[in-house]
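Below, chain A partners chain B and then partners chain C, in two separate complexes.
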Partner chain A sequence: MTTATTTGLPRLLPRDGGRPEDWRLHMARFGPIPYRGSTGRLIDDVREAGLTGRGGAAFPAHRKLAAVAEAAANQRVRPVVIANGAEGEPASDKDATLLWLAPHLVLDGLQLAAEAAGADRAILYTHEDRRDDVGRRLRAELRQRRDDRVDVVLATAPPRFLAGQETALVNHLGGGPAVPRFPLPRVTERGLDGVPTLVQNAETLAHMALIARYGPRWFRQLGTGAEPGSLLTTVRRGGDGRPRIVEVPFGVPLMSLLGDLEDAGAVLVGGYHGTWLPTAQAMRLRLDNESLRSAGAAVGAGILAALPGDRCGLAETARVVRYLALESAGQCGPCLNGLPRMSAALTALATGRAAGRAAASARADLERWAGLVTGRGACHHPDGTARFVRSALRTFAGELDRHERGRCGAANRAPYLPVPSLTARTEEDWL
Partner chain B sequence: MSEKLLVNPIDCDGHGACAELLPEMITLDEWGYPVIDDRPVPPALARDARSAVSACPKLALRLTRS
Partner chain C sequence: MSGINSSTALWYVSRATGAVALLLMTAVLLLGLLVSRQGKLPGLPRFAVTGLHRNLSLLSVVFVALHVLTAVTDGYVTIPLISAVLPLASPYERLSLSLGAISLDLTLALIVTSLLRGRLGRRTWKAVHWLAYLTWPVAWLHGFSAATDLRQGWLFAFAIGDLLLVIAAVGWRVAAAAREVPRAERVGVLMAAVHQRGRGR
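For the complex of A and B:
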C-alpha cells in the first residue's frame, strides 16, 4: 500500500531550491563514488531496491544490468554503458533539469553501472544545446571528476521525438540516423558496435548512485511496494503552461501535484504517448502504475498537464498528433500510412471541417486506424500515438459532439501543449 | 515446440505474397501491409507458412521458435 510520505525529498535535485551542484557541492553533499569492488554487486542492491526505469517504460533496472553483464561475459567482450539524457518528448523537461542541476549524480550512476556491467566505455547522450549550453558545462564538470574509472564521451542527440528510443540511439551513436531498428537482437545482446549495450535513462542512473550509497532499504522508504522511491515529474497547469519539475514519491495523489482542478478541461498523463483523462477521474488517481492502470493510463516519464478549461482538447490533440505523424521515421508501413491519416481526420474534426455524417465517419476511421497501427511498428511510436488518440476520443466525446454541430467550447485558441515548429524533412534532420 | 510468424515491419514493403500463400494467418490491411496472426502456426499450415516465408521478396517474414 502507498506510503506517500515526502520526508527526505528531494533526493536527486538540490535542496536549496535550484542552485546547480558543481563537483565541489556534489562532493560536499554525497561524497565520493562508492565503487563496489566487483562486477555485479550493485545489481543485487538495485534488485532489492526495486528500481524501475524512469525513461517511460518502467522496466526493472536490475534486469537490464544483469542482461548486459551476462551477455558480455558469454561473448567475452566488454560492453558499453550509455546514460540516456535525450528527452525528445516536448512536454518533458525533467532529464534536462536533472543534468543541469545535479549532473554528477547521473555521472556517478554511469560509473557504477559501468563497473556492474564490466564496461570499459561510457557515453552521455543529451540534447547539448537545449538549455543554456549544457554541453559546455558538462564537459567542464567532467574534467573535475578525478575518480572516474571509465572515460565518459559526450554525444549529442538530434532534436527528434524518437532520438532517445533505445535502438534509434544506438543507430545514431553508430554514425547513422536516429531512427529505430528492428528490436531483435536486443541491444543488451548486440548494440553499439555489435557489443552488449546498456541504455539507461539519466534519472535512473542518478537513483542508482543513491542506492549504492544508502542501500535498498533507504530507497524503499518512499513510494509504493511495487514502485519504490521517488521520481521526477514535469507538471503543467494554469495559463502560461510553463512546466515545474517536481520530485515526488510514487503513489502521490495527482490532486496534490496538480492542485484544485475544478476549472480544468482534462488531464494528460504520461505525455504525447500517454492518456487524456477527465478531470474528475484524474482527481481520484495516484501517480503509480497500479493506480493509473485502472484508468488505462501509465506514469510514463512523469509528465502531467492540466488542460485549462478555456482550451479545446480536440485542437490540442490534433496539433500534437500532426507533430507525432511528422516525427514518424516513416520506416514501417502502418505508421507511415496510419499516422498522417489520423492527423488529417483529427484536424478536420477539430476545425469543424468535418461535420455531420463526415464527422461520424472520421471518428470511426480514427478508431479503426488506431487499432490498425497498434503493435505493428518496429518501435512503439504508433502504439503510443494510437493510445493518445483513443483517449482523446473518449475524454473529449462531448467536445466532438459539439464540433459535429459546428460549435467549439474553447474561448482561448492559443496553443497550450508545447510542439516544436521544426520537423524533419530530409534524412539529414535525423543525424 | 511451436513456431510463430514474425514480420520485420521496417523491411516489409507490402508486396503481399505472404497473404496469398497463407490467407488463414495473414491478411492485408487497407494499405497492403500484412496483419499477422501471432498464435503458434498449426501443424496443418506449417508447409504454407514456410512457403510464405520464402516467397517474401524482402526476406521480411520469418518463423521463430517459442
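For the complex of A and C:
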C-alpha cells in the first residue's frame, strides 16, 4: 500500500508484494548485521529513534534493553534475549506474517539485542500453528545465517491467548505452563532461569535491526513525534473477514486504512483487549495512541476490524468474551469468577434470552462486573476484557435496546471475528 | 511421686510444660492445616489465622525450651543437655527421649526455615514445612511413651483427644485437597456452571 504519506514503505515487509525473503534476498537488500562492538551504543540509538514495543503495550524499547543490561551487570550474569512471536491474539496475524516473509530482520534484531544486553542466549518463541511449516522454514533459514554470534533456540508457544504475556512466556520456557505470574520481580531483573531476561516483540526487534543500519534520524522520517516509525497492522473489512497485513506510519488516518465505511456497524481498534468505536467516531481518528486515547482506545498490536453492517456487534462481542473467559488462566479470583459471569450475561443479551427487565439488570451487572475485575489480576487479562465489554455496551447501546425488546438488527448470523474453537481443559493444554 | 516440694518442683514443671507444649503444638498443627486450605476461623480475618499459627508456634517453642531445661536441670534422673537435640544420648528413657530430640530438631528446622522464608524461596520452605506432619506424631509418641502421666486419668483423655483431633483434621485436609478443582480446569467448570444457570433462568 503506497500513498503520498507512506513513502519509504514497506520497511519491514518485502517490497515486491509478499515474496518471502530467504537469507540470500535478505543479504542483498539489507547486507550483514551491523554489530556495534559494545553494549551501550545501540541502546542510545534505539532511545533516540523513540522505538516503542509493538506487542501492544507500546513500552519504550530502549528502557527494557537498558534495564536488562544494567541488571545483568549488577548481578554479574549473562542475560537472555527472547523474540516474542507468540501472537496469542487470534485477531492479529502480523508477527506470523513478518516471521514468514522477513524472518531475517527479526533474527538480526535478536542478535543485535543480544549484543546490546550482553546476552549469551537467544530464543525465538513462535506459535507454529499459524503457518504450515513455519518451524521447519525458520530452522532452515537459521542454518543459512553466517554472522550470528549467539545461537538461537526455537521454542513453540501453546495456542493460548495469554501465551505471549511476558511472565507466561518465561514460565513456559522454564518448563512450566504458559500462565502469567505476579509481575514482580520484573523479568528484566529475574526472568528465565532466574537471570535478567529481555522479551521483545518480533516486530520490535525487526525495527531495531533497521535502526542499527540506517540510524534514528532515518527511523523518525515516518510516524509522529511521540511515536516514530511504522507499524504492522492486521486489518479486517468486508464480507469474509480475511485479514490484510499492512505496514503504515503511526498517525495514519483510520479512514485511509479502512476505506469508505458507510455500511460498517462499528470498528474494533486494538483487538480483543481493545475498544469498539462507532464508525463515525473512528473515521475522525488517526492510528496513534495520542489520537486514539481521546476516544478511550489504544493502538495495541495494530489490530483493526470494521464490522460489516449486516452483523450483530453483540453476538460478536459475546462470542469473543466467551473465548476470553475460557482463556483465563483461572489463577486470580476476579478473573476466574468475573469473566464467565460477564460471558453468560452477554450471551443472554445477544441471544435475546434476557429481555425486558432481565436485560436491563444484565446490562447493569456487566458494568458493575467490568468495574470489579479491572486492575485486580496478576496480568491485564481482566482489565482488557472489561475494556472490550464496556466499549461494546457503549457502542452497541442501540443494538442492546433492540435486543431488550426481542429484536436483532443483524441479517447475517455468520461469525465475523476469528475465535479459536480449541479451549484449554487440562494442564497439558497450557504446556 | 509424693507431692510438690523443693526437690520435685523442677520435675513437676517439666512434666507440666511438656503437656502444655503438646497442647500448643496440636493447636499449631490444626491452624496450619487451616492456613494451608486457606480456611477461616469465625470472627477472624484470614491473615489473623496465619498470625495465630505463627505466634502459637513460637509460644510452643518457649514451652518446649522450659520443658527441656527443667528436665535437664532436675537432679532426680540424669539427662545430659546434649540429649535434647541428639537422639540416643540419654541413658534414661533412651528411646522416648530420642523421640523428643527428633521432634525438637524438626521443630527447630521448621522455625528457622520460616524465619528465613524470604531468603529461601517458597519451594524450599514448603518442602521443609511438610515435616510438620512428622514432627507432631513424634512429639506425641515422645510424650505418651516417656510420661506415665499421659497414660492415666484425665491426661490420658487429653492425649487421646489430641490424637483423634489431629487424625480428623488431617483427614479433612486430604479430602479438601482431593476435592479441589485443578487450576487448568477451574475456568471450564465455572463457565459450564454459569452458562447452565443462565439458561435455566
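Please note the rule applied: the second predicted complex is superposed on the first by the 427 of 431 C-alpha atoms of A that agree within 3 Å, B and C clash if a C-alpha of one lies under 4 Å from a C-alpha of the other, contacts with A are read in each partner's own complex, and residues count from 1 in each chain.
The rule we apply is simple: a contact is a pair of C-beta atoms (placed from the backbone, for glycine too) under 8 Å apart; a residue touches a chain by one contact, two chains touch by 3 or more.
This structure is a prediction, so every number in the text was calculated from the model and none was measured.
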Have a look at where A:314 lands relative to chain B and chain C in the superposition and call it first, second, both or neither. neither
So, does A:376 touch the first partner chain B, the second partner chain C, both, or neither? first
Contact-wise, after the overlay, does A:181 reach chain B, chain C, both or neither (first, second, both, neither)? first
Based on the superposed arrangement, let me know which partner A:102 touches: chain B (first), chain C (second), both, or neither? neither
Of the two partners chain B and chain C, more of chain A gets touched by chain C
Looking at the overlay, does A:429 come into contact with chain B only (first), chain C only (second), both, or neither? second
Quick check for you: in the superposed arrangement, does A:326 touch first (chain B), second (chain C), both or neither? second
Answer with first, second, both or neither: which of chain B and chain C does A:345 touch in the superposed model? second
Which partner does A:337 reach: the first (chain B), the second (chain C), both, or neither? both
Just which bits of chain A does chain B share with chain C as contact spots? 331, 337
If we count contacts the way the header does, which residues on chain A are in touch with chain B in the complex? 180-182, 331-335, 337-338, 372, 376-378
For the complex, give me every residue of chain A touching chain C. 177, 179, 322, 325-331, 336-337, 339-341, 343-345, 347-348, 353-354, 358, 423-430
Taking the complex as given, what residues does chain B use to touch chain A? 8-14, 29-33, 35
Show which residues of chain C lie in contact with chain A when the two form their complex. 182-188, 190-191, 193-195, 197-199, 201
